[in-house]
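There are structures below to look over.
Below are two complexes that have chain A in common, paired first with chain B and then with chain C.
Let's turn to the complex of A and B:
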């Protein structure tokens, strides 16, 4: 009997997801023994041609890591889809755009100009900016070209399963691999994770959600027993899918939202923003001037990076072009 | 309806006469939306709300097997119930109906841009269709009503309401914070405009309510807590100790005669004295005395016990403790009444409490009363002499931007009545009424005013004094600019009577906080609608009677008490209430009990409960939920959804509108 074929294909990624596989420990050997690796540039010496040569739909399980940010990763995403029987968006970037997705606050040209011309540490008097095709001494050099927006995998191709997290929690990786290798995958579209939010996994004591002041993490040593949100720290737990065993809150670090929106939610950032603005200053709400409301809300530093750290490309907000660089 | 049944939508575009049709091209709109998927039939009609209009919907539901209906017309507030009923008559669940507002939101505001208005109307209808596709049948739940009412406040409003409810055959618990029922009306000597003796018309009702088999009286008792919702309120009362055993006391009054200690009488507003053990007033109901521990020598020093010694029935019980009483009631009437505006503090220019001979109208009532501190003789508090010159000042604190913006609604006629008191008791007295406007709107008030105006020794001065001053000899004087004669008049009255403004009784603030019922900017209870629902509050099953809702004279108070009582009787006769269907619904599979929603609920409808597995989830009490949607908007996980307005439905509309 043939072993199932597995490929792990990178997009715009940091390889952190690969490390999460290594967290399987000795079990990783069992997994590797049980499968044929068709492609895994991080770990196996296989070339792109090897992958391209395989018949379409012949790879039982493809894990795609990273966001789609340029024409190369877009091509890889399409290739992954063609070759895969089952395609899993692996990690927060593939699922929601992740950290690279924050690039969507600026335009493609704006980012290039900032990185290659305007940044203080750069000297670039000619104002040269990388472009797709460069001719030099009769040689043609090509490099990948940025897309106008960073996308999640499912904004480029159809995705069968989602395994969120930054990196994906080991327990869920094991669950997904076991299901795939035993041929017992859940219905297509399933997100590996909990139906509830991180709060459901979190053991901290919740008493009263009314908060009047937002504190940044360096401003206090949080009480290890009580809900971080109730201590004034913005913890994304209430708006984030559980299944991670609330590992961050357990060690006194607020949830940053890497598991993405909850199943009942359309927009993780908007949900959290709405929840926070509903409870902040609740006690003093009546008769408060607009200026005071502004002050309350201005306590949130970097709102976009706080509420949409991992999910900006999947927000229901639309981009307005040309507003800022 | 079967879940995956094909969606068949009927769309009806109303002309609203020319209100819509003169701006929006209704024919074009109907034609455009007829092309939208799932739309089976699209029509326009002159008046959809008319009987023939509604019949079109009913017939189409049958003929075209419609399972969703969209009407584009006026605002849902206006006609949603009309069309929901039509849809129901057609055999569909009434909530499989959606309304697009193309009048207020379109034709009325885009009169001059007909083409664009038509485009907008089409978009609005398409958005309604997008939502209609996702509508699900909703149902109203029935909640049983406990046939027992709580009336808070034992003044004339509470007494009248209690009697009406009790006479209809329902049980009533009447709670009064003072030792006797009767309220402010019991303090009045006569009532305008008929000048009947106030006590003579009030005491029979006090006695009747105390003896009524359906009424339980809780005097000297406060409301501590109220939980639950319409039909099922759980009430906690705290009965303050009287130190007199009610079951043994016969009301003979021996204890009071024997008590050697005195204190200022609350009922006499400090004008007279009472004993440390006292009746609230001679006609008190129940006629059971109460010991005031602050002035009782036994409580202060452990001695005396005269009352105990002389009580023939051994009713004195110094060991009495506050008693908690728990009740379950189906409806509540708030009849907490009013207090006088604190003129001493807020308006020092009038010298009330600074000069003994400046008194309030209510204090004058006590001076005139045969049972009052002077046995009905009008005298100056300073020296006990009969005043020969009296100034009555109207609108003290009322209709004043710096104080109370509203009219007290009885000060004018009360002032006129007070002038009558003076001249009928002291025929050679002169009375000056300083007024801003005389408002005599009630039945018989103008005639009464006419009659009093004809007294030669009652003079009307149109103006308010700036400041009341005292001369070296102790006499009071003030200047007032009379706008009728354009002259400054200086008055040196022996007695000044202030017709003060009124504010809600302080107990209302407490009760409003417990019940979370809406309070208006003036501090009075906010009725649900100023014209059409004047006795209802923002909390279902809680009604208003009398001055708790705003200043009122006795006839209006009694009328509103009757209205509130009939609302309660209607609720109880029916025996159940139907909840609104647009309530919040929390999906327990998605809720992780983070607790964001709970403090936000203005109606106290959300609680956090622990499930069997020890995990926390939020639960909605649909009896309390008003469907405001705050929890659904705030829910960070999307577990809380408002039925009929869920995320999916609203986003479908947004997507259609932004396409």
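Let's turn to the complex of A and C:
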């Protein structure tokens, strides 16, 4: 019998997802022995032509890493879909846009101007900005061009499975690979992860206490037993899908939301906004003025950046609108 | 100001006070603008911020949230939660590029038919001045590219 074919195709990624594969340790050798690698630029010396030559639908499992941010990654996403029997959005960026998705707070032109002209460390007297096509001595050079907005994989092509996380938790990677290699994949559309929130996996003690002061992480040494949120540190646990065993709060670091929205919720930020409004406040708010409440709640300086750190492109609003910078 | 612009406004009203207040405006034959699309919920605290974001994403020019006066919520603290959510949501809308004046929270009791009518008029005028919410159109374009 032929071995199943596996391809790992990068989009706008940082290769952190590849590391999560290497974290499988010796098991990675087992996986590599069990499959035929069709494409994996981070680890295997195969060229894009090799991938293109394969018949459509002939790769049993394709992991697509990273967001879709320019015309090249968009092509890669389409290629991944064409070649894949099963396509997994692998990691937070492919699932929800992830960190590269935060580019959606700015405009395409604004980003280029900032990076190539306005940043303090840049000297660029002619104000040259990269462009799609350059002609030089009769030679045409092309480079990828940014899309107007960064997208998640499923905003470009149909996706069969989702494996979130930044990077995806080892346990879930093993689960997905085992399922795929043994031909026992769950129904299409499944998200590998738990059906509960990070809080449900978190062992910290919650006392249903209200907080009146939001603290930055460097401002205190948190009590190792008690819920971080109830100690004043914004923790995305209540708005985030579990499945990572709450690794961050377990080591005293607040959850930043990399597993994406909780099951059934469309918008991680809206969910977090509700959670925060329940946690911040006074035990009794009768007779408390609007101004006082405003002061309390607006201690959250950057709700957008905090609540949508990994999921802005997948949010209801998708991006910041009307920005020129 | 945009010519002939009729604002499209979504109103969320809690069952126990504000919806009754609106009803009173109607039965007392107090005129208020026809631009409102009223959605009744059991309590203002039941209004998921998702509903408000969805309303804006789907073309609402303004969203008016109403609930019982502080201390009067039938579920004790629903409106206090709402107050906090709306303040934070205003901030978030601004960050998304939506004028915060498009979202408004008002307390309306069952006996305040007239107050409701005045708020409605005032809010419709405010939105008329702000003009249409363009984001819904832009969002549709973006989605259509897929």
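Keep in mind that, in the parts below, the second predicted complex is superposed on the first by the 308 of 325 C-alpha atoms of A that agree within 3 Å, B and C clash if a C-alpha of one lies under 4 Å from a C-alpha of the other, contacts with A are read in each partner's own complex, and residues count from 1 in each chain.
In this section, a contact is a pair of C-beta atoms (placed from the backbone, for glycine too) under 8 Å apart; a residue touches a chain by one contact, two chains touch by 3 or more.
All figures in this text were calculated on a predicted structure; none of them were measured in a lab.
Colleague: For A:281, using the defined touch cut-off, is the partner it touches chain B, chain C, both, or neither? Pick first, second, both or neither.
Modeller: second
Colleague: If we overlay the two complexes on their shared chain A, which of chain B and chain C does A:167 touch? Say first, second, both or neither.
Modeller: neither
Colleague: Under the stated touch criterion, which partner chain does A:222 make contact with: chain B (first), chain C (second), both, or neither?
Modeller: Neither partner.
Colleague: Touching A:91 in the superposition: chain B (first), chain C (second), both, neither?
Modeller: neither
Colleague: Quick check for you: in the superposed arrangement, does A:10 touch first (chain B), second (chain C), both or neither?
Modeller: neither
Colleague: Once chain A of both complexes is superposed, is A:265 in touch with chain B (first), chain C (second), both, or neither?
Modeller: So A:265 meets both chain B and chain C here.
Colleague: Who does A:193 touch here: chain B (first), chain C (second), both, or neither?
Modeller: After superposition on chain A, A:193 lies in contact with neither partner.
Colleague: In the overlay, work out which of chain B or chain C sits against more residues of chain A.
Modeller: Comparing touch counts on chain A for chain B and chain C gives C.
Colleague: Considering only touches as defined above, state whether A:206 meets chain B (first), chain C (second), both or neither.
Modeller: Touch partner of A:206: chain B, not chain C.
Colleague: Per the contact definition in the header, classify A:149: touching chain B only (first), chain C only (second), both, or neither.
Modeller: It touches chain C, and chain B stays clear.
Colleague: Enumerate the residues of chain A that count as touching chain B in its complex and touching chain C in the other.
Modeller: Looking at chain A, the two contact sets intersect at 265-266, 271, 274, 278, 316.
Colleague: In the complex formed with chain C, which residues of chain A make contact?
Modeller: Touching chain C: residues 105, 148-149, 151, 155-156, 265-267, 269-271, 273-274, 276-278, 280-281, 285-287, 290, 293-294, 296-298, 300, 302-304, 307, 315-323 of chain A.
Colleague: Which bits of chain A are touching chain B when the two form their complex?
Modeller: That would be residues 195-200, 206, 208-210, 227, 229, 237-239, 242, 261-266, 271-272, 274-275, 278-279, 282, 316 of chain A.
Colleague: Would you mind writing out the residues of chain C in touch with chain A in their complex?
Modeller: 48-50, 53-54, 56-57, 70-71, 77, 80-81, 83-85, 87-89, 91-92, 95-98, 134-135, 138-139, 142, 146
Colleague: Write out the stretch or stretches of chain B touching chain A in their complex.
Modeller: It comes out as residues 587, 589-596, 598-600, 608, 615-616, 630, 633-639, 641, 647, 651.
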